[in-house]
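Please go over the structures that come below.
The same chain A turns up in both complexes below, where it pairs with chain B and then with chain C.
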Partner chain A sequence: MSPENNSDVGGKGPRNGIFSQAYSRRLFFILAVLVVAGLSVRWALVPKSFGEKGHYRALAPLEEMARKPLLQGKKVCAKCHADEFTRHEKDIHVHVQCEDCHGDGSAHVKAREAGLDPEQAPMFRELQQANCLACHRRLAARPKLFPTIDVKEHFRKVRVKDPATRCQECHNPHEPLALDQRVSKARIHPLIHPCKDCHHEKDIAKKPLPEGHVVTFTCKDCHADIVADFSKKPHAQFDCRTCHLFHKDSEFSGRIFKNGNPKFCLMCHLDRPFKDGDRIPLLESFDAHLDDVAEDDGDRAKRCVDCHLDEMIHSVKGGIGGMVSTPEESE
Partner chain B sequence: MKKREEARLIHDADSIASITGRRAFLKAGAAGAAGILFTFKLQDLLGKEGAAYDPKGHWWGFMVDLTKCIGCGACVRACKAENNVPDGYFRTWVERYTFLEGGDVKVDSPDGAFNGFSSDPPYDPNLIEKSFFVPKLCNHCAKAPCVQVCPVGASYISEDGVVLVDHKHCIGCGYCIQACPYGSRFLSPEGYADKCTLCYHRITKGLDTACVQACPVGARAFGNLDDPDSSIRKMLGKSRYGVLKADLGTEPKCYYIGLDQEVR
Partner chain C sequence: MMEHEIMNQITGFVFPNEIHVHWTVMIVMYPYITGLVAGAFIVSSLYHLFGKESLKPIARFALVSSLVFLVFAPMPLLLHLGIPERAFNIMITPSGTSAMAGFGIVYLTYMIIVVIEVWFSLRADIVKRALESKGVKRFFYRALALFDLSLDDRTNALDHKVVKFFAALGIPVACFLHGYVGFLFGSIKANPWWSTPLMFIIFLLSAIVSGIAVLIFLFFVISWVRRVTVDRDVIKTLAGFLWGFMIIDVTLEIMEVLSVAYEQTEAWQTIEILIRDKLFVTYVVIQLLLCSLVPFLFLGVNSVLRLRAKMSNFLVFSSSVLLLIQVLAMRWNVVIGGQLMSKSFRGYTSYTPGIWEKEGLILAFVIFTVPFLLLRMVDGIVPLFPPDSALGRWTLEHRT
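Up next is the complex of A and B:
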């Protein structure tokens, strides 16, 4: 209240001034305006459904929910591309989604559903080394059990002359390993070998570990005969893992699959222009090879390893206590 | 390509229009605009699948197995495609930790690992003690600091435990971006705060999140933490896991298997 106001009311005394009708009416009016203004600002600023479920607009999560998914998932692709899908499902890339390599498929599927030519919305199909190397380039940070390569080293090993050779020349991304499923299921192998796997002495597990005894096992610790024999064979430069998948260290019993599929051998041994024919025996085709060597229909059904295992790769006759079996037994 | 672009534009047109509407309203102070903005019909918003989903009984959590991650960047690419995340912004990204002899720890994430990692970091390979990839995303904290600081209630935790941003209500002040200790939020070029939604539009329809679906090695997983039979509960039950910055008390729900203490 200003001093002038005080002097105006003069004789009536200071108490009357505040509660006079004019003042209370004005006060009420100001309050009413404030309340109305407040309410209308609130009405304008606070959206509908705000606060119904919490300190947010209750419709917001529903709006978020209503968005349409874009990525399709491989089951949608399988509806039209059954061939590729079946092969893909059987091989090691089974967990790699179609869209990981081919890109978002929503437009492609939409075109198909609208009866348009799906080629109007083609999928990504660039077969470049870089695309495979996004996963398979050797990097210090990659898990050791994941298959990675250094391109130069790999090409040197498999005798590829042209450094620009695309991975797809040998590896079909839909079935990169051409796994032989018949054998794959037959071999369940303990990762952490109990002592008795290698030692037949009684109570061996209770004895102290001798000095220099391996703790981390490598292939040769249990498969000494095979590894020794293998080192003399033409494939000696390859790691066991080239054909056998390691036990996984996250499992107690790891699976070992074996590639008995001719497709797998032909990745290297099929005659292609970029391969160094002087240093690697090349076949014109598997059928042509069978024409040359097969004596009857039974021979024609054989896999590469049925004839070439001992001769070219390694002997399977060694091994310890039934851990190693011939392919016939394991099937 | 063009078709794809169109599809995205159509699906985003609604939200963009309302955001520009909101900005206009704030500038002009016109009260009427708000009424138009929020006249939604519930049924229009809900798809058939959306109506079937009940948030009650769900409490979503995420899991990353660092021992499996190969740093290919498939998750980053899938997330960008699914959510139309603008270039240079990331709802999820992959970091590479490199431990050098002598105790130095280097972290890099070229372009958020959108194209994966094209080479080893530029250090002498003999000096690298250990190295691994760490995918990062919103931790969907149960006590999310980003939600607490939002002055308008645009950041919220949904009933089923997903931290979301109401793009239409967000004023783009950026407090939440400052508050998030994990750097999971960004101010989108359209002016609102944006972040991982845990693919709320997918998980509520029974689909996997884009990144989980895309991961070729199964390093990512998500699931209902309330359901003792869910795969995430079972996997967590038999794994040794950790969370990022547990000491901040944000109660993150993104669990890392094989987490190193140096990872922040």
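Up next is the complex of A and C:
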């Protein structure tokens, strides 16, 4: 051992330094070998482009950019599924991409392009309650104007007996509200804030406004006659917006629908095994109903609201100050 | 867990990414085990560095305990990760501004220090065993001794010197290792239950408490299993340190919450409900009342009054068990508690660990138990208690 190797740790003199014994030298030699081995492994493992532009592998973003997206986009779907696409485009799910519900279509489209049966790569179709509720479950954190439900409450209201009933039994996901006009064609309406958007107390709307409270408008403030009439009719338990769906466009305004599509009424009134027929009038089918009641072709062309609006919903019509909808709007 | 099951566990306004508690019981076990590492090391240094002679019988055992817990400290972290092999990226390309990468460096440094210190402190016994044994066993011990069986006063002096040097170097690194764990939580400024510079001091002190407690617990259990009279000197010294450190630790824990309560910031309104409702059992009942107040009284009585050995042993042993639970509860309340409240300050989620899953209770228990088995194994290879102590004499008598 050379004197230079002596460490004076502990300061006990050169003869008993840390490297004075063979075992000590061997241990530190092994440690040194391990450190060198570790550094070599590091050198071998660190990718060549690491650190070129920052604390990351410089090639990584380029490799990511070169990857082909798995999602195809709805225009690709429309090439083969024109019917679903057309219905989907006019209804409220217009901004929901096909693949949001059906999963990525890469394999499906690839099979089609290769001239194979695309069913060899089937898309996801068996939507369960949970799939719809991923967006539509009522949560405190969700926007008030976005349609959300508490499943139990919703089923009680629309008289569904079986709690496992899937949403699409009534709501076709391709046209969930069976709108008879495109969202963008619906009538522009100012944004209104019902009391319950901010307050959770029961019957809050019936209480007087506290002093200094910002003035709020509800449906009855402009459409008093209609609301008064509606409150006496069998549908009074529903909110105006249940049928006159409100679609928020901006912080000030949105679109309001006057939906006369019979499919919309049949969401509740079509006879299905899971519905409670004792508490809600149910039809076997709309055509069968027309067979029973229609006297001529003119009757056959009628919609539910053409006969039942006055009796069941509201007989007073018109907008603010006697403003009556134009025929175009009521279509 | 199905989405609808998750929905039942939330109250109020919770952001979507806060519904599921991501840092599970594994992240509770991680600071707990790291704490045992730091605590045990500090006990061993009390003898090796500060010359606390009464701790000699347990000093080497404490050091090796520290090493075996250290080996298992990252285990819960790796189990928590979805792609654990990626964790090694922070060792290969550590970022200078990453606290997590800092852990890799501190952990590795500490591991090297403890391995060197353990080897030098066990070397004399490894050499003795090599000289006594034959055949394969002899080769094994010779290899462990790096094929140098020299053993005399000079080598003993050198071994002590090296152990002392690395004990001195190890203390700040051990403090860093555990302080860093507290730092990780304390530096998360969005979470008022975590964000306090006191966090790493509290973590460090609770680490020392749990380290001393686990050593007392093991010392008692080993003495009882081997039917050896418990060394009162060791227990008395450790109980004194345990009492002192637990007082500072618990005081800081309470003062930290009190200061937030007194400030009455907007965060307190959330924390208050967290403590009163979500963490009532684990924080108020277990951490503060049962596992802090009781051991405080027990250890106080033990230190102040002159008790019979049996009574004193009972008080110290039960205190050590309670304080081990206290520190575990503290880790739980910090790690899980901080994730139960929404950053909106208006909602809460809840968490129940699974039993058999990857981050479940069974695996957490296994990870916590394996170091003890490993410790027993090491004791079979090299005696961890010195031959002039009661447990060391037992080892000499019962060697096969």
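To be clear about the criterion, the second predicted complex is superposed on the first by the 212 of 331 C-alpha atoms of A that agree within 3 Å, B and C clash if a C-alpha of one lies under 4 Å from a C-alpha of the other, contacts with A are read in each partner's own complex, and residues count from 1 in each chain.
Going forward, a contact is a pair of C-beta atoms (placed from the backbone, for glycine too) under 8 Å apart; a residue touches a chain by one contact, two chains touch by 3 or more.
Keep in mind the model is a prediction, meaning the values are calculated, not measured.
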Query raised in the report: Now for A:Arg42: first (chain B), second (chain C), both, or neither, which partner does it touch?
Result: second
Query - chain A residues touched by each partner, larger count belonging to chain B or chain C - result: B
Query raised in the report: Where does A:Ala22 make contact in the superposed view: on chain B (first), on chain C (second), on both, or on neither?
Result: second
Requested in this report: Could you look at A:Leu31 and tell me whether it touches chain B, chain C, both or neither (first, second, both, neither)?
Outcome: second
Query raised in the report: Overlap of the chain B and chain C footprints on chain A, residue-wise?
Result: 45, 50, 55, 130, 133-134, 137, 139-141
**Report entry** Residues of chain A defined as touching chain B within the complex
**Finding:** 40-41, 43-45, 47-50, 53-57, 59-71, 73, 93, 95-97, 99-100, 103-104, 106-107, 110-111, 120-121, 130, 133-135, 137, 139-143, 146, 250
**Report entry** chain C partner contacts - residues on chain A that touch it in the complex
**Finding:** 9-10, 12, 15-16, 18, 20-24, 26-27, 30-31, 42, 45-46, 50-51, 55, 130, 133-134, 137, 139-141
Query raised in the report: Residues of chain B touching chain A in their complex?
Result: 3-4, 6-8, 11, 25, 31, 34-35, 37-40, 42, 45-47, 50, 53, 55, 67-74, 77-78, 81-82, 96-98, 115-121, 125, 128, 131-133, 153-159, 162, 164, 166, 168-169, 197, 199-202, 204-205, 207-208, 210, 213-218
Query - Residues of chain C touching chain A in the complex - result: 2-4, 7, 12-16, 92-93, 95, 112, 116, 119, 123, 145-148, 150, 154-155, 157-158, 161-162, 164-165, 344, 347
